[in-house]
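Look for chain A in each of the two complexes below; its partner is chain B in the first and chain C in the second.
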Partner chain A sequence: MRITQGTFSFLPDFTDQQIHEQVQYCIDNGWAVSIEYTDDPHPRNTYWEMWGHPMFDNPDAAAVVFELNECRKVYGSYYIRIIAFDSSPGWESIRLSFIVNRPSKEPGFRLNRTETKGRNIQYSMSPYSSDNPQGSRYK
Partner chain B sequence: MPDGNKKLDAKARYSAGVLEYKKMGYWEPDYQPKETDVIALFRITPQEGVDPVEAAAAVAGESSTATWTVVWTDRLTACEKYRAKAYRVDPTPNNPNEYFAYIAYELDLFEPGSIANLTASIIGNVFGFKPLKALRLEDMRMPVAYVKTFQGPATGIVVERERLNCYGRPLLGATVKPKLGLSGRNYGRVVYEALKGGLDFTKDDENINSQPFMHWRDRFLYCMEAVNRASAATGEVKGTYLNVTAGTMEEMYKRAEFAKELGSVIVMIDLVIGYTAIQSMAKWARDNDMILHLHRAGHGTYTRQKSHGVSFRVIAKWMRLAGVDHIHAGTVVGKLEGDPSTTKGFYDILREEYNEVALENGVFFDQDWASLNKVMPVASGGIHAGQMHQLVHYLGEDVVLQFGGGTIGHPQGIEAGATANRVALEAMVYARNAGRDYLAEGPTILAEAARTCTPLKQALDVWKGVTFDYASTDAPDFVPTTSVS
Partner chain C sequence: MEKELEETKPNSKLAQVNLKEEFESSGVDQILSELDDTLIGLKPVKTRIRETASLLLVDKAREKMGLMTESPTLHMSFSGNPGTGKTTVALKIADLLFRLGYVRKGHLVTVTRDDLVGQYIGHTAPKTKEVLKKAMGGVLFIDEAYYLYRPENERDYGQEAIEILLQVMENNRDDLVVVLAGYKDRMDKFFESNPGFRSRIAHHINFPDYSNDELLEIGEIMISDMNYKLNEKSREAFAEYIKLRRKQPHFANARSIRNAIDRIRLRQANRVFKTSKGPINSDVLSIIDEVDVRKSRVFSGGIDS
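Up next is the complex of A and B:
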């Protein structure tokens, strides 16, 4: 399966040139761009690991693409995403978030059902890969 | 000012009998509205022979302290303060029989945090008033002091996006069709296919409650099975608006609690449940981390005609105060009423921190929302993937685009329909961010995206050229003109 979190997961994977375009759009809007990676793609895993701080005063998307490729050298088998933060009053949150790197094999999620009273079912889901400890989930 | 409009001294004012409203103190052309006044703008159509100023004063009177005759008990009160004051009457640009009347209301006339109380005054009595042929509430200015007495949207656009882990693009939804008759099991099938295919939300329709063909618990149980299956299939947070509308408040709370117990991220109500019930559900939603979707069922009965009723921009303001997170607000290009400028006015009211006067969009007042959460507008009704460039252009990013027929009617099935919409949307947002003139190049951008997405190609072929091009009944009175300086 293909995890489709993020703004552009239904499009073919972006080239570095396409990533550059989208990042420059964020920078031109005054947003701080950040790189994050994880090997736990659960949709409610909010806090992916940060590859450094958001690049607050960086005017050039090339610097982000450079850092992304540095991150890929270490975490090339992980999910990596680009996130843009907008500090404007009334927003102060993320404006854009898209996946730029993913494992070659994505085994997907197990859906666990716990039948309780009546016909009620309590659901939980977990990535198949999280059966392995952190750091050894994707090859 | 003609003599007939002058204020009377106290003796003449309070002699028993019938007096024109404008002489009773409800017309004050020199009045400067205070920062804390609630202001209402009415479009009035006086009966033949009725002076527009008197008609405006009558509206001010009947929506505040007046009755049809002089009463001495006024003098036991600070009646000058409590009288609403019509302070400006303008002819409308396009109809010699209609006038815009501006009326200011003292803040103490209203109970804090109660839409029911506000509306009981402003639209409570006056709309059936005989000296008027027709009356329409066009816009209102709520003072910050009053705005701050309301909870506002339970969740708001920003937190909704954080909860859904979805940024940078409009959300996608679909209403399950046929809207009546599916069993719970079959209904959940539509939900599963649509969410798995790429939508963020599916939706109960306004009249799906608990009927013989599908009782509410069945629907909730099958829908949540579908939501969770789709979430596991995509790795995304998914939701379905479970309509908890019911005959009593107790029953609505019961249904909402069950939705919460099942892990739904969102519940839904209809506008017809009434303002107090909406505020109660908004409070419940805030207390229970639930997104609250409002279907504006019934609004067309009083919002659509330009001469009489309540403009939807006023309903939008009331609903932002009342505290809903989603509200249907028009599509511009779809099958339901919606002039582009008027619709822009609605969207601005729901989403902006501060609205400036924009007569060309029907917005008559500056409105400070005082950090109240923003409402996510929902565009639903007769839209399809081929219109994606227009939808993104007119409606922006913070909106739910709902393709009901445009998902379920896809020739290759529901999942393919959902995928077509998602790919079209992502391609359009990508092109916009990359700096392309996406409105002009929209069809090209879609055709390019369709090269790697067969479902999109099929959708574009099937719905090619489907438009709903009718004159709007609710267009703005004012059009921008080029200034000569």
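Up next is the complex of A and C:
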């Protein structure tokens, strides 16, 4: 099941050239761009691991694509996303976030039904991949 | 719209290009004449840059007609003594490459060994990469590049920085241009022991020392840029100063001239302050007198920095 989240989520995955252009748009707007990765695709997993530092002072998007490829060398089988922060309101707010790398196989989610008081049913979901411990979920 | 689509298609071909038009619309001409006007002397450097600019312009035209397969190597090395205008020219080169469409942003990032090489294990790679990322889209200028290589110390981290540099110079050729600079003999030795660099650098440009006349001309431009004036006597004295200063140690061409002018201004200010009584006009404030020059230590056998 192909995970979708963030901006452009219904478009096909971007090429590096397209990533470059989107990131350049962010930089030209003065937003700080960072790279994050995770192997937990649960939609409530908001805080992913950060790759390096947020990039404040690189005028050209090639710098971000370069780091993205460094990140892929280590976490090529994980989800990787790019996030752009805007600090102009006086706090950091996310302007844009999109997935730039995903595992080759995305097994999807299990629907859990839990019977509670009065025969009520509580639903939850968990990624099949998180049956395995962190770090050994995607090959 | 149609034209844009045309340009983004990698294999699209044009049947004709107009080199003259490209030359004029790119603004390259303007930079080249700026280079001619603002920099005194440096004939061989200017010629090389002109040649390189035409080559790149033709390459772009070839690319548009589908005749190019690979982007050209643009990394350069500038060798020459201190104060011969290497940094100044690098700035122009960045602008030039930007106008020609070979770098996307055209900024110049100037670094030396300390900005690239770390103090402890694991410090160097991130430091070098940070600098490289900052320079992407522009030109990275590495001054006194040979300090990166210290063969006498086996465990020197400079080697690590060199390896990352070489990798990025090769793999990210479209993202940044690297200019290595330093004194001629030491640069030659550096390239001898680092063949990787030599083969990645397409343009070696040599910066000759300035003649005394050129230095005088440079000095006069600097002086008038600061809204000062020489008179006949002080010009003569300044010419003599240049002759003497050149023979002294630590002579740094145009930079020595700039430093000398700073000290001359100091002496001029002191003189004006001590001798003036009552109101003075702008001439008094801007004319450099013979004594302001001749009081320099250089005339009495001393050494100026």
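Please note the rule applied: the second predicted complex is superposed on the first by the 134 of 139 C-alpha atoms of A that agree within 3 Å, B and C clash if a C-alpha of one lies under 4 Å from a C-alpha of the other, contacts with A are read in each partner's own complex, and residues count from 1 in each chain.
As a convention for this text, a contact is a pair of C-beta atoms (placed from the backbone, for glycine too) under 8 Å apart; a residue touches a chain by one contact, two chains touch by 3 or more.
Predicted model, so just to flag it, every value in this text is computed and none were measured.
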Which term applies to chain B and chain C once both are placed on chain A by superposition, clash or fit? fit
On the chain A superposition, what angle, as a multiple of 10 degrees, is formed at chain A by the C-alpha centres of chain B and chain C? 100
Between chain B and chain C, whom does A:Pro59 touch in the aligned arrangement: first, second, both, or neither? second
In the overlay, answer first, second, both or neither for which of chain B and chain C A:Met1 touches. first
Please work out whether A:Leu11 is in contact with chain B alone, chain C alone, both, or neither, and reply first, second, both or neither. first
Between chain B and chain C, more residues of chain A are touched by B
So in the superposed three-chain picture, is A:Trp51 touching just chain B, just chain C, both, or none of them (first/second/both/neither)? neither
Which of the two partners, first being chain B and second being chain C, lies in contact with A:Gly108: first, second, both, or neither? first
In the superposition described above, what is the shortest C-alpha distance between chain B and chain C in Å? Please give a whole number. 9
Where on chain C does chain A make contact in their complex? 104-105, 107, 126, 129, 132-134, 136-138, 168, 172, 174-176
Can you name the residues of chain A that touch chain C in the complex? 52, 55, 57-63, 66-67, 70
Interface residues, chain A side, partner chain B - complex: 1, 3-5, 7-12, 18, 21-22, 25, 41-44, 46, 84, 89-98, 108-111, 119-123, 125, 127
Per the contact definition, I'd like the list of chain B residues that touch chain A in the complex. 158, 161-162, 165, 167-169, 198, 217, 221, 224-225, 228-229, 231-237, 261-263, 353, 371, 374, 419, 422-423, 426-427, 429-430, 433-435, 449, 452-453
